[in-house]
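Note that the chains take the letters A, B, C and D in the order they are written out, and that residue 1 is the start of every chain.
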Amino acid sequence: MLKFTIPEMEAFLTEVFPQVEGMFGIDRMDAELLVMRLHAHDRHLRPGGTVSGPAMFSLADVAAYVATMARIGREALTVTTHCSIDFMRKPEAGRDVLAEARVLKLGRSLSVTDVLLYSEGGREPVAHASLTYAIPPRR
Amino acid sequence: MLKFTIPEMEAFLTEVFPQVEGMFGIDRMDAELLVMRLHAHDRHLRPGGTVSGPAMFSLADVAAYVATMARIGREALTVTTHCSIDFMRKPEAGRDVLAEARVLKLGRSLSVTDVLLYSEGGREPVAHASLTYAIPPRR
Amino acid sequence: MLKFTIPEMEAFLTEVFPQVEGMFGIDRMDAELLVMRLHAHDRHLRPGGTVSGPAMFSLADVAAYVATMARIGREALTVTTHCSIDFMRKPEAGRDVLAEARVLKLGRSLSVTDVLLYSEGGREPVAHASLTYAIPPRR
Amino acid sequence: MLKFTIPEMEAFLTEVFPQVEGMFGIDRMDAELLVMRLHAHDRHLRPGGTVSGPAMFSLADVAAYVATMARIGREALTVTTHCSIDFMRKPEAGRDVLAEARVLKLGRSLSVTDVLLYSEGGREPVAHASLTYAIPPRR
């Protein structure tokens, strides 16, 4: 049972991360899977729509954040404590990158999320990440 | 198209890693998925069949090795260059641990394999690993 | 023996990554240690100079890139294949973040670089990363 | 201020991990650095004293455990939640492997430890690991 709808989550992201407004969208958000989108023509990217390593990291990080927050609710705080990311293929120029995020563990004090990144329309992942978020005790 | 059958791979493992003979088995090996088993009552484990962190690392490592070798064949050499592993839950005592390994990338010089570990019969993963193997140039 | 001076490397970075011009500086670059600086008041950061996780990732990534390129020279190509990063403390607002990068391995086909990040003037690291760069065969 | 002497810590390790008795020793343990030793001729290793990847993982894991426990004391519990390890060079056959462990962060609920592994007498590290231990609330 998720604690946000997609429009609620998109409004929440704009509120907490105003500096990346318009960079990301949510295609799907349910108990099984979250799909987030990095817009290839966003101003944060390189000219030509090439998606850099840091942009892929940002997408994986925000996807793990959204997948975790959707489960614990906005009164909670979380902070990334670890990311391991493998960059496996070059994303296709000019294509959005999609992140498929699955929460593997949601404990009292940490979550672990697996994220696969694909160029839209591609069948093989361009990157694979695992992220840990710490969930501080409720105030 | 894999370059080994399961009995061929089991014989190959005994040949190259005689010191762990009997520790691991192969339940399934095809183009999509490899399933390896760590026998909980093996002599390598703690008394009582508790599967330690190092034993889970060993299982993930051998599963990634087998999944890669099945694709490149025994004339090749590979060596682990990286492993990231999240330990998420305590394995159930006395149960075998199963590794589900999927090769995410098989390049000319490296492979990346995703491995999920489960206690047999359990639905939630006990650990999650990503391993990189370097594939040296053919001699 | 490094293949760039600091001014040469700064010019090279501006050439290959024009989109981040002004974001990073090089404080020290020799055979033992590279120190790079992320300018806290750069336009890439959040209002208020808070250094985000993705900005710290970017700093670690560029530091590992510079440390590797300084050794292999500009005719070579490299690409990040892996990053593991632990975020340990909150950077201090308004302070530059410094990256200390040490090349642990420089092989024919990959480099491994250790990076510690500090808020300027702070004694305890805010993040710790290990990055692998693949070095493709010379053309 | 550490909460164990070296003999106390060695006795504690034998008590909690009897199955690896004799595998590891402690060369140095103080506030700055822990040095642990993996005995190359131990029965846990391959014939010939070759130190395998899983044995290096075990050494890094126990070194991070000892470095953390030395700071928090034996009444506490800890459990490995993450390890990232880069295998960079082949250890020299027949030589002990030494682990240099430094605690980068000791928080209320987790520790992060950096570990470099060397073949005894060698100058370049054979492996580099970062481990996270979760520290559950005191009972």
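Simple rule for what comes next: a contact is a pair of C-beta atoms (placed from the backbone, for glycine too) under 8 Å apart; a residue touches a chain by one contact, two chains touch by 3 or more.
Since we're looking at a predicted model, the values are computed, not measured.
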Requested in this report: Treat each pair of touching chains as one step and give the shortest count from subunit A to subunit D.
Outcome: 1
Report summary line: The chain whose C-alpha centroid lies farthest from that of subunit A is chain D
Query raised in the report: Comparing C-D against B-C, which pair counts more contacting C-beta pairs?
Result: C-D
Requested in this report: Round to the nearest whole Å and give the separation of the Cα centres of subunit C and subunit D.
Outcome: 29
**Report entry** Mean-CA-position distance for subunit C and subunit A (Å)
**Finding:** 23
**Report entry** Centroid spacing, where centroids are CA-atom means, of subunit B and subunit C in whole angstrom
**Finding:** 34
Report summary line: Multi-partner residues in subunit B (2 or more other chains touched) are 81-82, 84, 86, 88, 132
Query raised in the report: Where on subunit B does subunit C make contact in their complex?
Result: 81-82, 84, 109-110, 132, 134
Report summary line: Contacts from subunit C onto subunit A in the complex sit at residues 19, 46-47, 53-54, 57-58, 61, 79-88
Report summary line: Note: in the complex, subunit D contacts subunit C through residues 84, 86, 88-89, 104-105, 112, 114, 116, 124-125, 128, 130, 132
